[in-house]
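For reference, the structures are reproduced in the following blocks.
Next come two complexes built around chain A: one with chain B, the other with chain C.
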Partner chain A sequence: MFSLVLISFPFLAALLVLMTRKAAVAKWMSLGFSLLQLALTLIFWHFHTAGGNSFSFFLPWLPEWGINIHFELDGISFLMVLLTNLLIPFIIYSGIYKTQRNEQLLYALILFTQFALNGVFGSRNAVLFYIFWEMALVPVFFILFLWGGERRQSVTLKFFIYTLFGSLFLMIAFIYLYFQTSVPHDFEYTSFLKTNLEPCNQMWVFWMLLMSFVIKIPLFPVHTWQPDTYTVAPYQGSMLLGGLMMKMGIYGLIRWVLPVIPEFSLQWGFWIVIFALTGLIYFSVIALQQQNFKMLIAFSSLAHAGLMGAAVFSLNEYGLQGVLFQCFSHGILVVLLFYFAQLIEERTDTLILPRLGGIKTPAPVFSLLLLITILGSAGLPLTNGFIGEILMILGLFSFQVWSSILGVFTLVGGAIYLLYAYQRITLGETNPLTIGFQDITIREMVLVVPLVLLVIFFGFYPQPLLNLTEIPVRELISNAFSSH
Partner chain B sequence: MVNYHTLVTLVWLIPLSPLAGFLIIGLGTRYFTGIRSGILASVSVFLSFFLTFLLFLGQKQSAEVGSLVNFGNWIRVDSLRVGFEFLVDPLSVVMMLIVTGVGFLIHVYSIGYMKGDERFNSFFSQMNLFTFSMLLLVMGANYLIMFIGWEGVGLCSYLLIGFWYKTPAHNLAARKAFIMNRIGDMGFLLGIILLFITFQSVSFSTVFSQLGPVEPGTTTVTLITLFLLVGALGKSAQIPLYMWLPDAMAGPTPVSALIHAATMVTAGIYMIARSSQLFILAPFTMYLITVIGLVTALVAASIGLYQNDIKKVLAYSTISQLGYMFLALGIGAFSTAIFHLTTHAFFKALLFLCAGSVIHALHGEQDIRKMGGLRKSMPWTYWTFLIATLAITGIPPFSGFFSKDDILLKAYAVNPGIYFFGLVGALLTCFYMFRLFFLVFGGVRRGNHEHSPHESPRGRKRGSDPVSGFIYYPEYL
Partner chain C sequence: MASLIVLSLLGIFLLFLGLGKNKKFYAPFGIIGLLIALVLQITNSGQHSPLLENMVQFDSLASVFSSSMLVLTLMIFLLGIEYYKDMPKNVAENYSLMLFSLVGGLLMTSFANMVTLFLGIEILSIPLYILSGSKKKSYRSNEASFKYFLLGSFASAFLLFGIALVYGVTASFDISAISRFCSTHSEGLPPLMTGGMLMIFLGLAFKVAAVPFHFWSPDVYEGSPTLITAFMSTVVKTAGFAALYRLISHAFSPLPESMIWMLWILTFLTLAVGNLSALWQSSFKRLLAYSSIANSGFLLLALLSGDPQSPGTILFYTFTYSLATLTAFSLFFSVKKSSQGSEQMEIFTGLWKNNPFLAIMLTFALFSLAGIPPLAGFFGKYLVFFSAIRQDFLWISAFAILMAVVGIYYYFSVLRFVFSAKENPITIQYPKTSMVVIILCGLLLVILGIFPSLILSY
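On to the complex of A and B.
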C-alpha cells in the first residue's frame, strides 16, 4: 500500500498542477508537491532501514493474462526511487525563476515523469514495467519538442526513432518470456526468474533486452541520439535525461537482464564490457575536443555511462554496488553541471568555452562551487564520484585486469577535459562578456549548496547508500550466478 | 608531560587543526581577511606541529613501535573494509614533523611574502588544505586513506600553482601538473586494487603480515610494486613523469618551497619506504627504481647546469635530489632515503625561501644573469643561502653531507658503478649550486638598476631563520 501511495502521488500532483490557472501557482505548487514526495521518500527510507520492509503491493489487474499491479521496493529499487525523488525538486526549482511558455504543462510533465520513473523502479510485473517505461518517454519527448532549442524537430525525431526501437525490442522480449513461464503463464518478475530457456533462444532474447536498455543509457555504438538531445533539450529536460532517465537503462540491465538471463550475461558480458569501454575511451577523446560546455557535459556523461555499463557486466558485488552508487552520485553531479551551464548561458548568452574566461574574478563563490562539482565528476577522493569509480574499477579488476586499466581512463580523461572546461570558464583575464558576471545569488545557492554538500557528504560517508543495496545485490548475484 | 597513550588517541587533532583552519578561513572570508587569516593558518599548523612534537618525544620514551587508531568506517563493501585509520610509528612521525614543522615556518614566511595580495586569505586556506591532505597522506594506516591525501595534495598543488590565475601560462602549468600527477595516481590506484585482490585488505599491517610466505620475485608482487612505482614516479617527479615540476615553479615561491621541494614531491619516497616490505620482495622493481633514480639524478642535474631562472635551477636540483632518494630506495637503504628526505626538506625549503626573498627584493626578477652583487645589499639572505648551498652540496658540518654520504656509502657496498655515477651527480650538484650562488650574490649587479635591492622585511626573515637552524641537527634516525 505504501509503495502505491509513493508511486502514484506524483501523478495526482501532475493532474492538480495541470489544472491551475496561473503559471506562478503551478510552478510553486509542483515544487511543493515534489518536496512532499521527497519527505515521504525519506520517511519510507527510515522504515526501510529499520524493518527491512520492501513495501510490497499486489493487486490483480488482468489475472487471466498474469498482469498484476505489483510493486516492490527492495534496496536497488529504493535507491533509484530515492534518487528520482531527490532530484525532481531541484530540477523543478532550477527553472522556477524563469518564464517559459505554457508552464502548467511543463511542470505537470516533469511531475508525470517522476510518476513514471517511480513506477519503472518499483514495478515487479513485466507489463506494468513496460507501461511505465513507455510513459517515462512521453513527457520527455514533449519537453524536447515544445521547449527545445534549435533543430528540435530533427533531434526529437532521432530520439523518438531510437527509443521506439528500444521499446519494440523490450515488448517482443517480454512477450516471448511470457510464453516461457510455467503454465499458467504470467508476467510476474519472479516467474521470469524461473524460466528455463533453450540456449539458442536465450541468445536473441538477451540481445533484444540488452538493446532496449543500452539504447537508453546509451552505450557505444547506439549513442548517437544522446549528445544532440542533451544539447537541444531545455535545461530541465537535459537534467531529467542525464540525471534520471539514463539510470532507467542501468536499472533495467541490473533488474531485467542479469538475473533473468544469467548464462548469457556471463557468456557475452565480456563483449559488452569491450564495447562499453571502447565507448569510454572514444567519448573521453571527443569530450576533449568540445568547445560547447553543454556538449562537453553530454560527452562526459557518455564516458561515465561507458564505465557504468562495463561495470554492470563485471558481475560481482564490487562492480554492481559501484554502479548503483555511481548512478546516485552521477545523477547529482550531472544536475549540478547542467545548472551551472544554465547559469552561464543566462548571464553571458553563450556556452562556447573559448569565449568565456576570468569568471573567478567577479564571481569567486560561483567558481568555487563549480570547481567542487567538477572535481566530484573527475572522481576526487572524498567526493561521491570517487566511491562509485573505485568500486567499479575494483569490480572490473576482479573481472578482467586489462578492463580496469581502460576503466581507469575515465579518471584521467575526466580530469583533463573537465579541468579544461573549468580553466576556460573561470580562469584567465576577464573579457567584455564576462566582466560583469554576477556571482551566485542566494536564490541559486538554494539549489547548488545542498547538492554540493551531498557530493561531499556521500564522499565521506557513503555507507547509507551502500547498505541499502548491499543485500539485494548479494542475493541477485548468488541467485543468478552461484550455480555457474 | 602528557601521557603518550592519551596523545595517540588525540592524534586526529593533528590533521583536523589545519582542516579547521581551511574551513574557517575559507568560509569566513568576511572576517578572516588580511593578516588575520595568515595568523590563523599559521597557528593551526603550529598546533599540529606542537602535538606532533609531543608525540615524537613520547615515542622516544615509549617502547611501542607503532599504534593504530581507528576513527570509524569509510567504505564497507563485500570484503573491502576501509576505515579512517591512522598509524603512528617512527616513520609517520618523522614525516609529520617535516610537514608541520617546515609547513609552519613557510606559513609564517608567507605572511610577509604574500602581503598585499588581493587573495591573501584564499592563499592561506589553500595552504592549510594542503597541510591537511599531506598529513592524511603520511598518517593513513591503509592505502586508501593514503590515496585521499595523495590526490588531495595533487589538488592543492593544482590550486596553488595556478594561484595567480589571470596568467594563462600559470593555468597551463597547473593543469599539466595535475594531469601528470593523475596519470601517476592511476597507477597507484591500480596497484592498490591489485593489492586488495591479492591480500584481501588495503591496510598496511594486514598486508605486510601476509608477506611471510611470499617468494621474492613473484609476478603479482612485482606487478603491484610496478603499479605503485608509477604513482611514486608521478608524485616525486622522476623520469619519465618529471616534466611538470619545473613548470610548477609558476606558483608563488612559498608554494614551491612547501609543496614542490619539502613535502608533496617526497610523497613517492615515503610511499615506497612505507611499503618497503613489499618492495624488497620484487627485485626487478628495486632494480628499476635504482636505474630511474640514478638516471634522474644525473639528467636533472645536467639540465640544471643550463638553467637561468633561479627557481628552475632549484626545481631541477629538487628532481635530482629526489633521484638520489630513489637511488637509496632502490638499493634497499630505506631509512637512508628518509634521512635524505628530511635533510633535503629543510635545506631545499631554505633555498626556496631565500630565492623568494631575492625575487621579491629584485621586484620579480628571476633571471640569474641579471642578478649579482647581492651580498652587500642582502647580507642575511647571503649567509642563509650559503649555508643551504653548503648543505645541499654535501660539505661536512652540514646535514646534507651526512645523508648524501650515507647514500653513496651504501651504494658503494652494492655496486661501485652506482657509487661512481652518484659521485658524478654530486659534483654536478656542486657546480650548478655554486654557479647559482655566485651569479646571484657575487660580482656586481647586472640588469637594470632602477630598483635598489633591499633586505627582506622582518616577517619573511623570521620564517627563514629557524629553518637554517634546523639543518645543523642531523642526528635523527
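On to the complex of A and C.
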C-alpha cells in the first residue's frame, strides 16, 4: 500500500497543478508537492532500514493476461526512487524564478515524469514496467518539444523515435519471456527469473532487451540521439534526461537483463564491456574538443555512462554496488552542472567556453561551488563521484585487469576535460562579457548548496546508500551467477 | 435481427422525412433510431440461433461487432449535424444511405451463408459508391465515386466467382457445411477449393484495402466528403475484418497452409506499403488513408495468427482505431473549414496556440494511433503482437514492430505542425455536438487504455 501511495502521489499532484489558474501558484504548488513526496520517501527510507520492509503491493489488473499492478521497493529500486524524488524538487526549483510559456503544463509534465519514473523503478510486473517505461518518455518529449531551443522539433523527433524503437523490442522480448514462464503464464518478475530458455532463443531475447536499455542510457554506438537532445532541451529537460532518465536504462539492465538471462550476460558481457569502454574513451576525447559547455556536459555524461555500462557487465558485487552508487551521485552532479550552465547562460547569454573566462574575480563563491561540482564529476576523493568510480573500477579489476585500466581513463580524462572547462570559465582574464558577472545569489544558493553538501557528505560517508543496495546486489549475484 | 429491421425501416423513414425539407430533424431521428437498434442489439445478444433458414446468425461474435459499428455510426451522425449544416439538399438521402450501408455491415458480421456474405458486401458497397460521389459538383468526389465503383465491382466479381467455386466443390453455400468439408479434407483440399478461397479472400482484401488491392483507397479517401471517409475508415473497416474473421474461423477452418502463406504475404505487403507510403504524404486525408492501410496490416497480423483470442483482439483494435480516427477526422473537418478548405497538414499549424483543447484531443488521437501507453491504442498493438508471438509468427512480428516505429514517425509529424511556434491566425468554430463526440472518444480511449478488459471480456 505504501509503495502505491508513494508512486501515485506525483500523478495526483500533476493533475492538481494542471488545474490551477495562475502560473505562479502552479509553480510553487508543484515545488510543495515534490517536497512532500521527498519527505514521504525519507520516511519510507526510515522504515526500510529499520524493518527491511520492501513495501510490496499487489493488485490484480488483468489477471487473465498475467498483468498485475505489482510494486516492490527493494534496496536497488528504493535507491532509484530516492534519487528521483530527491532531484525533482531541485529540478522544479531551478526554473521557478524564470517565466516560461504555459507553466502549469510544464510543471505538471515534470511531476508526471516523476510519477512514471517512480513506476518504472517500483514495478515488478513486466507489462506494468513497460507501460511506465513508455509513459516516462511522453512528458519529456513534450517538455523538449514545446520548450526546447532551436531545431527542437527534428531533434526531439529523432530522440523519440530512437528510444521508442528500442522499447518496442522490449515489448516483444517480454511477450516472448511470458510464454516461457510456467503455466499459467504471467508477467511477474519472479516468474521471469525462473524461466529456462534454450540458448538459441536466449540470444535474441538478450539482444532485444539489451538494445532497448542501451539506447536509453545510451552506450556507444547507439548514442547518436543524446548530445543533440541534451543541448536542445530546456535546462529542466536536460536535468530530467541526464539526471534521471538515463538511470532507467542502467536500472533496466540490472533488473531485467542480468538476473533474467544470466548465461548470456556472462557470455557476452565481455563484448559489451569492450563497447562501453570504447565509448568511454571516444567520448572523453570528444568532450575535450567541445567549445559549448552544455555539449561538454552531454559528452561527459556519455563517458560516465560508458563506465557504468561496463561495470554492470563486470557482474560482481563491487561493480554493481559501484554502478548504483554512481547512478545516485552522477544524478546529483549532472543536475548541478546543468544548473551552473543555466546560470552562466542567464548571466552572459553564451555557453561558448572561449568567450568566457575570469569569472573567479567578480564571482568567487560561484566559482568555488562550481569547482566542487567539477571535482565531484571528475571523481576526486572525498566527493561522491570518487566512491562510485573506485567501486566500479574495483569491479572491472576483478573482471579483467585491462578493463579496469581503461576504466581509470574516466578519472583521468574527466579530470582533464572538466578542469580544462573550469579553467576556461573561471580563470584567466576577465573580458567585457564576464566583468560584470554577478556572484551567486541567495535564491540560487538554495538549490546549489544542499546539493553540493550532499556531494561532499556522500563522499565522506557513503554507507547509508551502500547499505541500501548491499543485500539485494549480493542476492542478485548469488542467485543468477552462483551456478556458473 | 431486430436491429436489422429497425435500421432498414429507419433508412426508409428518413428518406420520406427528406421530402419535408426540414433538415433539423434528420440527424436526431437517425440517432434515436440507432439508439433503439443498439439497445435491441445488446439485449438480443442472448439469442444465438440461426435465422431465416440459416442465412444469418447473430452469435456473440456478430453482436459485439455489430454493436461497435452501431456506436461508431451514432458518432458519425452526431458529427453529421455540423457537417451537413451548410448543405442545401439531399441531406436525408446521405443519412439513409449510410444506414443502408450499415445494414450491409451488420449482415457481413452475422452471415451464416455465403450468399448472405455477398449480399452484405453489396448492400454495404453500393450506398458507398453513391456516397463517395455525393459532392456532385466536385471533380474529385466524382472521380472517387467512379474509381471506387469500377474497382469495387471488379472485387465483387472475384468474390462471387470464388463463392461459386467453393459451391462447386462443397455443394453448399452454408458455412457450417463448408467448414465440415474443410475439416474432413484437412490433409489436402482440392485445388478448386483453394482457388475459390483465394478469390474470396482477394475480394475481401479489396474491401479492407490490403496491399496490393489498396490502390483505390487513397484516392477514394481523399476525394470523398470527409464524413464519408470517416465512415469508410471506421465502420466499413470493422465490417470487413469481422467478415474476414468469421470466414476464417467459421467456414475455412483449419486454414490450409497455402492460404496462411497468402495471408502472410498480404500482411507483410500491407504493413510495408501502408506505413512507408504514409511517410511521404503532405495531405492529412491521404495520411489517414495510408494509416488506414497500415492498420489493416496490423489487423491482418491478428487474423493470420489465428489465436483463440483473435476476435477480442480484432474487436478491440478496430474499435480503438476507429475512435481515434473519428476524432482526427472530426478535428480535421473543423480546421479545414476555417482554413479555406485546404487539406494539407499545414492547416494544423499553431493549433496548440489557437485552441489548446483541440490540440490535446488531436494529440490523444494520434498517440493512440501510434500506440503509446496509457491510451487504448497501446493495448490494441500489444494484443496483436501478443497473439502473433504466441503462434510463433516471430519474424513478421519483428517486422510489424519496425513498421510501428515508422507509424510513430508520421503521426508525430502532424504534431510538429500542431505544436509549432508559428502563428496561424485562424479562429476555429467547433460546434457542441462534435465536441460531445471527441470528448466521448477521448474518454473512451483513456478508459479502454486503463481497463481493456471492458471490451475483451465480452
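We adopt the following convention: the second predicted complex is superposed on the first by the 484 of 484 C-alpha atoms of A that agree within 3 Å, B and C clash if a C-alpha of one lies under 4 Å from a C-alpha of the other, contacts with A are read in each partner's own complex, and residues count from 1 in each chain.
Going forward, contacts are C-beta pairs under 8 Å (C-beta built on N, C-alpha and C of every residue); 3 or more make two chains touch, one makes a residue touch a chain.
Note that the structure is predicted; figures quoted are calculated from it, not measured.
Engineer: Residues of chain A touched: more by chain B or chain C?
Structural biologist: B
Engineer: Looking at A:172 after the superposition, I want to know if it touches chain B, chain C, both of them or none. Which is it: first, second, both, neither?
Structural biologist: In the superposition, A:172 contacts chain C only.
Engineer: A:157 in the overlay: touching chain B, chain C, both, or neither? Say first, second, both or neither.
Structural biologist: A:157 sits against chain C, while chain B stays out of touch.
Engineer: Kindly classify A:34 by the partners it touches after superposition: chain B alone (first), chain C alone (second), both, or neither?
Structural biologist: neither
Engineer: So, does A:360 touch the first partner chain B, the second partner chain C, both, or neither?
Structural biologist: In the superposed model, A:360 contacts chain B only, not chain C.
Engineer: Which of the two partners, first being chain B and second being chain C, lies in contact with A:212: first, second, both, or neither?
Structural biologist: It touches nothing on chain B or chain C.
Engineer: Would you check which partner chain A:317 touches, where first means chain B only, second means chain C only, and both and neither mean what they say?
Structural biologist: First partner only, chain B.
Engineer: Touch check for A:428: first (chain B), second (chain C), both, or neither?
Structural biologist: First partner only, chain B.
Engineer: Is there a shared patch on chain A that both chain B and chain C touch, and which residues make it up?
Structural biologist: No residue sits in both footprints.
Engineer: Help me check something: in the complex, which residues belonging to chain B touch chain A?
Structural biologist: 73-78, 80, 122, 144, 147-148, 151-152, 155, 158, 162, 165-168, 171, 175, 178-179, 182-183, 185-186, 189-190, 193-194, 196-197
Engineer: What residues on chain A touch chain B, complex-wise?
Structural biologist: Touching chain B: residues 317-318, 321-322, 358, 360-361, 364, 375, 380-382, 387, 390-391, 393-394, 397-398, 401, 404-405, 408, 411-412, 415-416, 419-420, 423, 426-429, 460-463, 466, 470 of chain A.
Engineer: If you look only at chain A, which of its residues touch chain C in the complex?
Structural biologist: Going through chain A, the ones touching chain C are 62, 64-65, 127, 130-131, 134-135, 138, 145-146, 153, 157, 160-161, 164-165, 168-169, 171-172, 175-176, 179.
Engineer: So in the complex, the part of chain C that touches chain A is made up of which residues?
Structural biologist: Interface residues on the chain C side: 352, 367, 372-374, 378, 382, 385-386, 389-390, 394, 397-398, 401, 404-405, 408-409, 412-413, 415-416, 419-420, 452-453, 457.
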